[in-house]
Amino acid sequence: MSAVLRTRGLGISFGAFRAVDDVNLTLEPGARQALIGPNGAGKTTLINLLTGVFKPTHGTIHMGERELTALSADKRARMGLARTFQINTLFPSLTPLLSVVLAISERDGLGAVWWRPLKRNKAAFDEAHALLGRLKLDALADVPVAELAYGKQRLLEIALAMAARPRILLLDEPAAGVPEDESGELFEAIAELPQDISVLFIEHDMNLVFRFSRRISVLVAGRILTEGSPAEIGRDPRVREVYLGHGAAHV
Amino acid sequence: MSEMLAFDQVVAGYGNAVVLDRLSFALAQGQSLAILGRNGVGKTTLLETLMGNTRVMRGALRWCGEDITRWPAHRRVRAGLGWVPQEREVFPSLTVEENLTVIGRPGPWNLQRVYQFFPRLRERRGNYGNQLSGGEQQMLAIGRALMTNPKLLLLDEPMEGLAPIIVEELARSIRHLCESEGLASIVVEQHPVLALEMTHQAIVLERGTVVHAGPSAALAGDASLLEGLLGVGMTDVQA
Amino acid sequence: MGIVIFDGVAYGMLLFLIGVGLSITMGLMNFVNLAHGTFAMVGGYAASVLMNHFGVGFFPSLAAAFIAAALVGAVLEFSFYRRLYRAHPLDQVLLSIGIVFVSVAVFTYFFGPTMQAFQLPPLLDGRVSLLGLEVGRYRLFLILCGVAVLAALLGVLGKTRYGAMVRAAVDNQRVAGGTGIHVQRLFFLTFSLGCGLAGLGGALSLGMLGLEPSFPLKYLVYFLIVVCVGGAGTITGPFVAALLVGIVDVAGKYYLPEAGAFLIYVVMIIMLLARPNGIIPRKGLA
Amino acid sequence: MKPLALSPARLRGIEVFFWLALASSFFLLPDKLTLMSQIVIFGLFAVSLDMALGYAGILTVGHAAFFGAGAYAAGLLARHGWSEPFSGLLFALLLCVALGYVLSYLVVRGADLTRLMITIGVCMLLAELANRLSSITGGTDGLQGVVIAPVLGLFEFDLYGKTAFAYAYGVVLVVFLGVRLVLRSPFGLTLRGIHDSRKRMLAIGSPVEARLRLAYALSAGVAGIAGALLAQTTQFVGIESIGFNRSAEVLIILVLGGTGRLYGGMIGAIVYMLVHDWFADLNPQYWMFWLGIFLIAAVMLGRGGIMGALSRLVKTGRAS
Amino acid sequence: ADEPLRIGLIATYSGPYADYGRQFDAGVALYLKEHGGKIAGRTVEVIKKDTAGPAPDAAKRIAQELVVRDKVSVLTGLDFSPNAYAVAAIATQAKIPTLVMNAASSAITASSPYVARLSFTVQQVTDPMARWMVKQGVKEAYTVVADYASGTDAETAFKKAFTAQGGKVVGEVRTPMNNPDFSAYVQRIKDARPQAVFFFFPSGVMPPAFLKVWKERGMEEAGIKLYATGEATDDSYLDATGDVALGLVTSHHYSYAHASPKNQKFVKDFAAEFGTKLRPSYFAVTAYDTMAAIDLALAKTKGELSGDKFMDALKGLKFESPRGPIEIDPATRDIVQTVYIRKTERVKGELVNVEFDKFERVKDPAKESQ
């Protein structure tokens, strides 16, 4: 099986500081892969490199056969690379409904259509309602985003990413700030996404990581320390040393 | 023991919207408090109210015997409240070091001690606030609050985004600070077990009002009560 | 050649002296304060009235100009500006334009629409020889003032915690208050400082530009150019930009008079395209 | 205070009433028709600025560049013998869309202050160009000899300004409906999204810069129509129509009315110009004082302009 | 009594040029005061409107409202050329006599048969200066003008007259309006070392700023002579300009120090009415003369106000103004007047323009040549 996403020697320097260094990461079709590592290891930066927020100083990124390294962020998104942000990045003055409709209409390439009323696009509204329903946000569909509680905003982050019907979904701590039972549900929803969607997620909640990932990559100081199945990673003393600590004995 | 902090029938919210509805509780000197509750029940709003960032429509806040309901935020800080906002909100155009020193006040906490507490921050001392990872921002927000040398630390989901090993250390440290230096804290958490371990007392909020108050240990020990209040299956958490 | 550069530097210093206050109120405090020229005008009129009607000397009048403008700034801050720090920048535009309108009318009413008389003190009149150049004394004085103000401000804003506090408060007022900064007082002082500097610049401009009630609108664009090309919120940025603008403008007019009014805008656009956040961007901008 | 609730149907009723009320000034204010036609023209100009500023979030104080370009386009066309008014408008529209698109490459980058200064700079350069090309434009003396043929070949531009008003009103209404359509289209939603979070827009695959360029070009076109209308109805083009002061004035009008609210520009123009006219009549020398006080009072009483204040009183029931 | 005579006065009352409106008002008020508030036996109602500077669309709107709503019989004021051009269309359409009190672009009177001018044109005062300079033995001159329509008019008129008399223009420069610092231009001139410099700037802050640098650079010591038109030493600004203006030779149609009995009375009455702080400038005189012209024209038509009759009466009108004898050219409806050569001196502690030479019955040269 060929990888959907593959990096070779990927790296970026901020001044003299190598935030991400020589990373070779592959994402298989249908992957449910976790990316873990200490704070400041470079996980978010890696996602920013993959999605084109930053331009790498070293290495390449391929999506299937296509090289992405030089493409702009929006172009990558249109090719099916969707993400959520660690720090909420939403449309504060829109409602959740309009936010999702916006994502859908951009996905369908209608963002420049200025000669037809939005309302005419019934399908987008229906789809948006359905998506919000799945994330239990339908009751809040018409509340301005700025007034939503933090946890609900986290959910909307995911809704926006899913609205793009991505081939690859990159989630940066999606469950942070979501209560435990709901974060479980959230991850179940992610796990049940169609198998042709590959998911890479960053998460510091080890319950979720070990429950939902099939493969784990550990990033330390910008480099991949090790990769493997949850069981292998849970046993790895180096990972315990720098990241898991002793409380993770249960894993 | 004398009272440190009290909410007395507080009604508060944003604009015309009421979020806290006749909320009351009291906390004794040197005691730590866990605030639990589902998304959107008003935990953050409670802390924002304590910092004077909401509109208090009725009721009063007392701090060490004084009515602080109308005090401006900076005065509350000087009186001993140290705040870690939920979304961290470090100052993006200040370096890590400036973030820490800009509001420093004399006391046991100084730059060196914060750096000792979070060695990662020392490494990143020259980075600007917006050039930090999420976890580093969280550490910085906590460090910044410590630098004001508070008597009561207000932590709004402080563990969010921190690596497990750091979470463990931090929880231990906060408990230790309370016991050895009398630095109390109010901890808002999504993970009840963690919060209850760190605190003496706990309250559970629902729709802006207190539905349960009692010692943390008792609540932690009563799985079915917790289940009822929070809807959390406690069994699979940190067995 | 030498004299052209000297003239450019002197002209640039004048722009810096008036513009640096704007870099503080608009750049550092993030308040789109289009009424900056009003405060410069207050300083200019204060100095002019003191000299013409009360026979006060030039140098004491400069100090008075600073104080007068700072006081007016303090009053307006207290009554209007402080309510709008968190408002949308466009609301700030509306407020400051309103203040400009009122000030233009008020100064016309009290001082008439025509220009204020100004006589240079004998000490600053005429020319001196400097390194083989016959340079205007007043221009030399402007350069000295510019450098002195630069040094003083760098000392206050750069070296002390004060500057960091202002930046913190601008970044996030709610959290700044929540970490113990007395935001209101901080802004009050800073705003008054910016206005005082404007007033000083306004008084110093008497020797070169004419002072009349339409002053606040007439030169607004120049101040904006200096601040934005230099880097809003910094002190050295506007200094460098003012030098650049001054030299380019004077040299351009000397060597290429046909380019006239075009040059300065073309240079500005090129500079902004090359360095969108200014020559010396404020630190920590995303 | 309880916000007043308004249903979408009611809202539409208010819109219709607004335009009917404006139209009725044809009969109710026969002495003020020239002022009224200039009000609707500046209203349209402010609406065009709103497209760029309120919706696309491009802070510009140089929009008179397009207003003036449109005015000169229509004026020069008429001066050189093509005096049919509608084709003049079309010409101005196309020219300004093209000009706007080209200039958008300079404007649609950088942060707010940068954009502000670049738009000012471009506007100043164009104004200076108009001054330099005085053999074509008439320079500061203005472009004379603009003669416009009767509208539809029937209605002469009369001394009372009846034709001018009817013509300006009709054109403004049609263009306004066009703008309304644009802002309610998927593209309009995209603009709101960009205004809120550029970063997120990129992440959902929106080519933000291209979208902004389109918005800027459309907005330039509308500004050009407004300028052309002014040139045609006054049959004169002053160099002031392209200057910084006009850019600043329309910004004040828009901000007073309220940005990002479709009707902000129209309401702003009506209020600002009527108030201005009134104060200037009362006191030709110190009206600036009263106008200044009015602006200060307006900000102190309600943020977000008149529409902002109104929207806080009225809660619109959204049924979507 | 019958209907008052309504006169619409369109001028600048606010902003940087508010002095124009103030001077107009004073001139008009003084004339009315002297004539008991009446013209041709009718009380006069002056309706003042502000354009706040050059604003042709506002000017046109105002003119239209004055005609349609306020039913004025005469339009006047008009300090800026674009405003006058824009209003000319209304004058034609409504057949309303329109008397220009300042706008100096030559072609204004050609833009409508109902427009006449009582002020001056830029060419009219520039041309005599050029001829006078040659008479004084100036062979080479450098020109400096503000880069706007009147500036280029002045430049062209000067060049034409100067070269026609055998002089040579050795250099020319146009400075932007709103130019804060003249050092580059003055230095350029200094390095070019011409025999003389002629400059034209609109009255206001530009001339003093230029003169300041002129003095600071020691141009006089360098032997370069300076000439200008009277805008440079506008009586409204002369006091504030100060000593840097001393010795400057200018040409203009009016000086407040004009030594005629008519002017002495005018100045005295003016001071009695408005105090000594406001000096009558050429704006006030034109306003005063405009009222006189309306008065005289109506006397000729016996109060008949129709545009055509009024304009006929105006053509060829001749009378004594405080500035000297003036007349309206019947062919062009433009003013014919004496242009004086003056020098700025301190007389009794005051800076004034002292006239010492003159050119009589000067017509607008721009029209002469056509």
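By letter and in written order, the chains are A, B, C, D and E; residue numbering begins at 1 in each of them.
Definition applied: a contact is a pair of C-beta atoms (placed from the backbone, for glycine too) under 8 Å apart; a residue touches a chain by one contact, two chains touch by 3 or more.
According to UniProt, the chain labels map to these proteins: A, B = ABC transporter ATP-binding protein; C, D = Branched-chain amino acid ABC transporter permease.
Remember, predicted model here, so these are calculated numbers, not experimental data.
J.: Which chains does subunit C share as contact partners with subunit D?
T.: In this structure, the chains that contact subunit D and also subunit C are E.
J.: Please find the path from subunit A to subunit E through touching chains that uses the fewest steps, and give that number.
T.: Minimal hop count between subunit A and subunit E: 2.
J.: So, what's the distance in Å between the C-alpha centres of subunit E and subunit C?
T.: Those two chain centres are 36 Å apart.
J.: Just how far, in Å, is the C-alpha centre of subunit D from the one of subunit A?
T.: 42
J.: Hey, how far is the Cα centre of subunit B from the one of subunit E, in Å?
T.: Computed value for the inter-centroid distance: 75 Å.
J.: Calculate how many whole Å lie between the centre of subunit A and the centre of subunit C, each centre taken as the average of the chain's C-alpha atoms.
T.: Each chain's C-alpha centroid was found; their separation is 48 Å.
J.: Multi-chain contacts only, two chains or more: what residues does subunit E have there?
T.: Residues 14-15, 18, 22, 147, 176 of subunit E touch two or more partner chains.
J.: Quick one: which residues in subunit C touch 2 or more of the other chains?
T.: In subunit C, the residues touching two or more other chains are 104-105, 108, 260-261, 285.
J.: Out of subunit A, which residues touch more than one other chain, so two or more?
T.: none
J.: What chain pairs are in touch here?
T.: A-B, A-D, B-C, C-D, C-E, D-E
J.: List the residues on subunit D that touch subunit C in their complex, please.
T.: 53, 59, 106, 109-114, 116-118, 120-122, 124-125, 128, 244-245, 248, 251-252, 255-256, 259, 285-289, 291-296, 298-300, 303-305
J.: Quick check: in the complex, which residue numbers of subunit E touch subunit D?
T.: The touching residues are 13-15, 18, 21-22, 48-50, 54-57, 60-61, 64-65, 67-69, 81-82, 85-86, 89-90, 93-94, 105, 107, 111, 147-150, 152, 176.
J.: Touching residues of subunit C toward subunit E in the complex: what are they?
T.: Residues 3-4, 7, 10-11, 14, 104-105, 108, 112-119, 125-127, 134, 136, 138-139, 207-210, 212-214, 218-219, 222, 249-254, 257, 260-261 of subunit C touch subunit E in their complex.
J.: Which of the residues in subunit E come into contact with subunit C in the complex?
T.: That would be residues 14-19, 22, 147, 173-178, 180-181, 183-185, 187-188, 204-205, 208-209, 212, 216-218, 236-237, 239-243, 277-278 of subunit E.
J.: Under the touch definition given earlier, write down the residues of subunit C that touch subunit B in their complex.
T.: 161, 164-165, 167-168, 170-172, 174-184, 282-286
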